[in-house]
Amino acid sequence: MEYKTILVNRMDGGITLTINRPEQQNSINPDLLKEINHVLDLAVNDPLCKIIVLQGQGGVFCTGMDFNEISGKHDNFTPGQIHENRDSKEVSHSRPYLETIKRFTLIPRIVISVVDGRVMAGGVGLAAASDIVIATPRSQFSLSEALWGLLPSMVTPFLIRRVGFQVAYRMTLTTMPIHAREAYEVHLVDEVTEAPEEVLRRYSLRVSRLDEWTLGNLKQYFRKMWIISNQMEDAAVAETDRLSSEPKVVNNIINFVKYQKFPWSE
Amino acid sequence: MEYKTILVNRMDGGITLTINRPEQQNSINPDLLKEINHVLDLAVNDPLCKIIVLQGQGGVFCTGMDFNEISGKHDNFTPGQIHENRDSKEVSHSRPYLETIKRFTLIPRIVISVVDGRVMAGGVGLAAASDIVIATPRSQFSLSEALWGLLPSMVTPFLIRRVGFQVAYRMTLTTMPIHAREAYEVHLVDEVTEAPEEVLRRYSLRVSRLDEWTLGNLKQYFRKMWIISNQMEDAAVAETDRLSSEPKVVNNIINFVKYQKFPWSE
Amino acid sequence: MEYKTILVNRMDGGITLTINRPEQQNSINPDLLKEINHVLDLAVNDPLCKIIVLQGQGGVFCTGMDFNEISGKHDNFTPGQIHENRDSKEVSHSRPYLETIKRFTLIPRIVISVVDGRVMAGGVGLAAASDIVIATPRSQFSLSEALWGLLPSMVTPFLIRRVGFQVAYRMTLTTMPIHAREAYEVHLVDEVTEAPEEVLRRYSLRVSRLDEWTLGNLKQYFRKMWIISNQMEDAAVAETDRLSSEPKVVNNIINFVKYQKFPWSE
């Protein structure tokens, strides 16, 4: 398969997936989600591929949903038209995004995010839902959604799983970034290092001792021991769909994409 | 409105509420709860008032329920009489207290507690339920309820939301204070600073970019993403009512208020 | 009563229980669980015994289930025979283990684990379910179950209660030990000290002020304020029973006990 949004490399005992949309700041579009899932399929069908490494490049891990694509959908935008489109679910990226990060948490493989640089919005969810997150000291994580009238709805349950309620809430409310060190202290990051390859090698060696059956059991079991439910996930998708089809929110996004105008600078 | 228990000041983009019961150690009585809610009403009806700052004075933030008032209710106290009063719910402060701190977590405004000094019992709940807590280094937090045979029942769900189960449990069981630094590490406090005004200004600037609609969405949404339910809150009120009408507990409180005698020094 | 697996000493206001199976690395067998419960019975029936101290010796707190006993049950082992034994519940140690650590969390007494050295697998559950854990700097905690195809199923709910989801998940997945300092930072340990006796004395003094009725109320109440339910506990027992009767897992254990062969070295 030819990939449009990622680079894929085999490594010993695993596969490395590099998000490759540098001009779009490694933002998420439907192709990226499809291609990530394609790599997950490959991994699941290969008993020798136990580890999936997810990374960015050029100082950017992932910056969340692609605003250009959301804006493009409303190209001949008038408030009235947006209102009419409100029920059209066909354009929603939210369900595929949620299913992708949820899959990280259930697949009988080990998903390791290697973060070097900026992580924003939906990108935080990719990391938060990973089994292990390794980050360089210059990395930083932010949830900017509320500035646009959105919420990190689908990130929230997986972020709370890692950092607890208050830190997830504060990140959402203040929209301020947290740096690698603090991210480590709150367990959003499992290890901070200048040499992610070495740490990755150590984790890989250790987890290579677990077989596929055990990994599957482990992930299924921990799902039962925590508060995330299918209903909570449905609520997450519904909230994203509701907010992202609000005329006010669409307006905020279009103004930014077309005129570089921020909502708070009106 | 003339306030009996608080001082109220307007500031740019918000309102400052200072608990003003210095002779009662800034403890909570029904008037205080009414007046706090009056300020919340003002804020909600003013689109320009986005931030509500809650603070104490003289080195005391708030020391919880006013034992003098509880004691006063049983002025001609004999154990038998207390027993008869047990079902009378009319004097319960517990529901208004719970509804007040719950309201902090749902109101489309930002509630910021600025703590400088002592916080005890129900005062910890005022802080814990706030969106942001800023504290000076000399601040300390303690849950002394168990010493009297009570529990911080209504504080618990909001405290666990911030600090997790074990820290809330340990604070309750040991009744020992934790200091600002530790409170920061466990996320009971969001920032420790010698200059709360500056930190407050920074947060105010940042959150001023969020509109009322987004704040409301955010708070409603996070409520769905965590374990606090209406039933849990009802259980919290019921437990406080049950314990605070126990003759043994009333006796402990009266002995302390009237004779400065501690339960463990009998 | 003569104890086979523990040493019991009275102390002022409490009782000290030392796990005494040095040749079996202080591992857990049915006798140990019975004897721990016997001591809990003694404590509950003695109003003056408020504190139960649980400790190990010789640098080992507790190393989890005794593999020799599991292995011994399948002495004339062939894979087919194991399969036949699968439904036999009579040999399960899982329910008594879960009920023992659950009892720590509900008994109107204060259970304090004093850890000096190694804690593994089910031993981590004994500590995690304790009210207070005091540890020396050389202590370390690990969950090695997944290496054998098992899971720390019954430890998990009580561990998550202390350390949150991610730390419990990472410990299970990586099977790597965490040291006293990190255990303190994640609240698996409440205090790290070179002088556990002094810290123990301080806690004892403080909690001696709480009466039995209050301790019972406190524990019952906190159970309602968190996510552990009877169903979750049943799922924990069922998962342990399921995994520990899998031929593959039994094989791993027998190969280790009889031939010192690790699953990953085949």
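Order of writing sets the labels: A, B and C. Residues in every chain begin at 1.
Quick note on the criterion: contacts are C-beta pairs under 8 Å (C-beta built on N, C-alpha and C of every residue); 3 or more make two chains touch, one makes a residue touch a chain.
As the structure is a prediction and not an experimental result, all values here were calculated from the model.
S.K.: Give the rotation angle, in degrees and rounded to the nearest 5, that superposes the C-alpha atoms of chain B onto those of its identical copy chain C.
M.R.: With C-alpha atoms aligned, the rotation comes to 120 degrees.
S.K.: Same or different: at the chain A/chain C interface, is the fraction of residue numbers used by both copies above or below half?
M.R.: Mostly different residues: under half of the interface numbers shared.
S.K.: Report the inter-chain centroid distance for chain A and chain C in whole angstrom, where each centroid is the mean of the CA atoms.
M.R.: Centre-to-centre distance between chain A and chain C: 36 Å.
S.K.: Give the residues of chain A touching no fewer than two other chains, as numbers and ranges.
M.R.: 164, 227
S.K.: Across the complex, what residues on chain C touch chain A?
M.R.: Against chain A, chain C makes touches at 146-147, 149, 151, 153, 156-157, 160, 164-170, 172-176, 186, 227, 232, 235, 239, 243, 248, 263-264.
S.K.: Which stretch or stretches of chain B touch chain A in the complex?
M.R.: Going by the criterion above, the answer is residues 110, 131-132, 161-164, 187, 190, 203, 206-211, 213-214, 217-218, 221-222, 224-227.
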